[in-house]
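So the structure is just underneath, and the comments pick up after that.
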Amino acid sequence: MGWSTADRIVVRGRDLPSAILGKLNLGDMAFLELTGRTPSAGESKMFNAMAVTLVEHGVTPSALVARLTYLGAPEAMQAAVAAGLCGLGSVFVGSTEGCAKMLKEALPEPGVKSDLTALARKIVAEHRARKQIVPGIGHPIHKPVDPRVPRLFELARECGFSGKYVELIQLVQAEAERVSGKSLPLNATGAIGAILCEMGLEWRIARGIGVMARAVGLVGHILEESREPMAQEVWFRIEEEATEHVKPGKR
Amino acid sequence: MGWSTADRIVVRGRDLPSAILGKLNLGDMAFLELTGRTPSAGESKMFNAMAVTLVEHGVTPSALVARLTYLGAPEAMQAAVAAGLCGLGSVFVGSTEGCAKMLKEALPEPGVKSDLTALARKIVAEHRARKQIVPGIGHPIHKPVDPRVPRLFELARECGFSGKYVELIQLVQAEAERVSGKSLPLNATGAIGAILCEMGLEWRIARGIGVMARAVGLVGHILEESREPMAQEVWFRIEEEATEHVKPGKR
Amino acid sequence: MGWSTADRIVVRGRDLPSAILGKLNLGDMAFLELTGRTPSAGESKMFNAMAVTLVEHGVTPSALVARLTYLGAPEAMQAAVAAGLCGLGSVFVGSTEGCAKMLKEALPEPGVKSDLTALARKIVAEHRARKQIVPGIGHPIHKPVDPRVPRLFELARECGFSGKYVELIQLVQAEAERVSGKSLPLNATGAIGAILCEMGLEWRIARGIGVMARAVGLVGHILEESREPMAQEVWFRIEEEATEHVKPGKR
Amino acid sequence: MGWSTADRIVVRGRDLPSAILGKLNLGDMAFLELTGRTPSAGESKMFNAMAVTLVEHGVTPSALVARLTYLGAPEAMQAAVAAGLCGLGSVFVGSTEGCAKMLKEALPEPGVKSDLTALARKIVAEHRARKQIVPGIGHPIHKPVDPRVPRLFELARECGFSGKYVELIQLVQAEAERVSGKSLPLNATGAIGAILCEMGLEWRIARGIGVMARAVGLVGHILEESREPMAQEVWFRIEEEATEHVKPGKR
């Protein structure tokens, strides 16, 4: 990724002091690390917005894990962040990855003429046949619209990343809702999956963006825990209830 | 840190879709998470530059750890990033924290008139008496100057963060060099420690910035490992040599 | 630690197949790893009992962390165990280490004649002067006696490890209780700290025993979570309450 | 898993002080945690032997990761163990799990009459058709025989766990070797996978046993690193070579 001599430090072929510091923001630097090139203005705005979307989701399992870990090892906050990241696997961060992969496999060449409506029907039908959730579709709270999605798509239009993948995921959402008869909004991970495809980024990058963004958010949670602790109270309550539940003669 | 209802998502008192997405870059979002407020233009530039400095240092122990972990569990890249972060403790990331703390304790009120030269002498003398390295001073490769430092200080002047703490750390460096008779450059962690103090940020924040920045860099290393693997070869060589070393009759 | 050729595997100088497998139990193997020698019958019984004591403490922060991590990444249970271990720092496992260190420093040579009562007074007075808790003393639930302690001391007598360190920690406990006027039982970490000293094991080993023992317990929690999930419900409840707490107009 | 009151601590329905401490060794306690019952004498011997087999494999990626992590954060050895565990995923520990699963699916009811030779042929043919390695078969160093395997099978006979699964995995090994024309020994993970099936333990338990056993070994590596450091030298050499490799004008 980089090399250095006594008087030089080079990252991805660029001189760190003169070509990077003060010129790239943290999201741009992430883009450089992931792609090997610096982003255009549009790429910078879009990539930063996607990463920022994934920083903070309130009291997630990751945040609880980081806070509970910090409670036992306040001298090692890096390990509390690490513990929080360990759970960003198939269930939570997986849906961005899954959505991007699904769209890219359905439409390997966005320039080619395709019947997007037929593609959307096929995608939904296949997931129903396998009894799988369509990645990027549905949200327990944000109904009928996930408020991040219209804003992300607005930015995508502004930055020139609103093409067939964005169209396709919206058709998939409409079809999933039609077939199920339930309110199934497109969620933020679905929008980000589609925009990643528009930007020509590999679906493998999706999980990485979620992981780095969440590291930012977890540092925030740990600092908040150091100022306004909540982990100990959470632990005591859960322990008390669990003990009530298993102790004989108390059921 | 945040809350949400069916149609709203609020982070640190700001509406995520309308007030954050497309307006804050990833470094600004980190600043918001750490301080509870959005950065000014100067704070944004300076904070992003400091975070970017800490993203990537080539083949560090952290990067080796992340790659070796990915080798065994490629299906769980989040755990490879987590493993890499676990080593960001007292030895590596600690020096930024230690430098900021040392400067803040020496000069709790930057506005008050103080004899900075006398302070610098006192700091160096105390560390020598305790046989401790002065945090932020010295570098094994970047001699006589760490090339990141002049650039960080140039940005600090531009952004209005070049005051007594920056002056003091430079006096400390000169004094440490004078007393030891060796080349002891100010390193990037020392410059960042001083600038954090100039910005009025707590020294406790220092480790957190290092941890989030390195998470970005480790995702980069893992993607590179997935394209150009090096971890297996490293493992085989170290194992072979270690085995040669301990096997009887082979010494 | 070990080496292997095509037809041999040697660990700590012993042939694994013929000298270890079927002869050492898991606790004995841990003893071999930590000390470089196989335990005597008494050492085996005592060391296994201490490790077993530390395996399982019900719904600890570690157990909650492991379960919440497994919820997000069920395909990577090793990372859920890892996350759970990250919090075994100064606050929880630290007390065994701290107790063993305190006793060893107070009494470097157990054979030498010493006034143990005076030593106990000195230890308690010093901790009071520094406003520190005496490690190994006190328990929020197990009052007036931690039920593990009499059993561990009974085993220590049986196995020949009941000498001056065990006597000293009991004097410390009595003195701490006398001076504070509160019920301050000796807890299991205090008993284990004292017995480690009796066995001639380094205090540095203490944290390691806690970490390996808890890894066993966390695997148990994760398997239980896979059969009788509780993490999701914990998360939903904590999230709901936290949201109620911060949402405007809901306080 | 357990509960406690002021004067009692109960784990898995057993009184910890009187029914567990001094009676169960660490492997037995693990068996209790995983199955909810205490092992018979044969189960104890066999289970401990399997766990002990997985403790230590010399300079593995896990051991390197733990040592490199300890180098940066010596104050947090629990995080170094955690980092080492993070890589015990599909590639290394996965083969025990995969072997046990494969055998159980091929032979769900070991008591039923089956043509084991035909089953072995089918298993090998299916893996060849999918271009997959048969889990538990093959070893880079231990040829023609993994020295742990005959000893594990000897113990299995002694303890009453040598039935159709052990027979089947040996037939699979012979068939794989016959069809490939190469030396493909049965390895320790294959033997353990088969014995787990003989013992009636779920294949899901396999990874857990590997994780807890390796935690024991990693604590050993970290203590060795604290006495005879090797991680820094490994890092310096790898970094130097990597830098030589990427610096321009040096290729």
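Letters are used for the chains, namely A, B, C and D, taken in the order the chains are written, and counting of residues starts over at 1 for each.
What we mean here is this: contacts are C-beta pairs under 8 Å (C-beta built on N, C-alpha and C of every residue); 3 or more make two chains touch, one makes a residue touch a chain.
Quantities reported herein were computed from a predicted structural model and do not represent experimental measurements.
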{"item": "Labels of chains that are neighbours to chain A and to chain D", "value": "B, C"}
{"item": "Angle of rotation relating chain C to chain D [CA atoms, steps of 5 degrees]", "value": "180"}
{"item": "Pair exhibiting more inter-chain C-beta contacts, B-C or A-C", "value": "A-C"}
{"item": "Approximate Å spacing (C-alpha centroids) for the pair chain C, chain D", "value": "24"}
{"item": "For chain A paired with chain C, centre-to-centre distance based on mean C-alpha positions, whole Å", "value": "38"}
{"item": "Between chain B and chain C, centroid-to-centroid distance (C-alpha), Å", "value": "33"}
{"item": "Multi-partner residues of chain C (each touching 2 or more other chains)", "value": "2-5, 58, 73, 75-76, 78-79, 82-83, 86-89, 93, 242-243"}
{"item": "Chain D partner contacts - residues on chain A that touch it in the complex", "value": "2-5, 73, 75-76, 78-79, 82-83, 86, 242-243, 246-247"}
{"item": "Residues on chain A engaged by chain B in the complex (per definition of touch)", "value": "1-9, 11, 16-18, 20-22, 24-30, 33-34, 44-45, 48-49, 51-53, 55-58, 63, 76-79, 81-83, 85-89, 93, 141-143, 145, 147-148, 150-152, 154-155, 158, 204-205, 207-209, 211-213, 215-217, 219-224, 226"}
{"item": "In the complex, chain A residues that touch chain C", "value": "58-62, 64-65, 68-76, 79-80, 82-84, 86-93, 230-231, 234-235, 238-239, 242-243"}
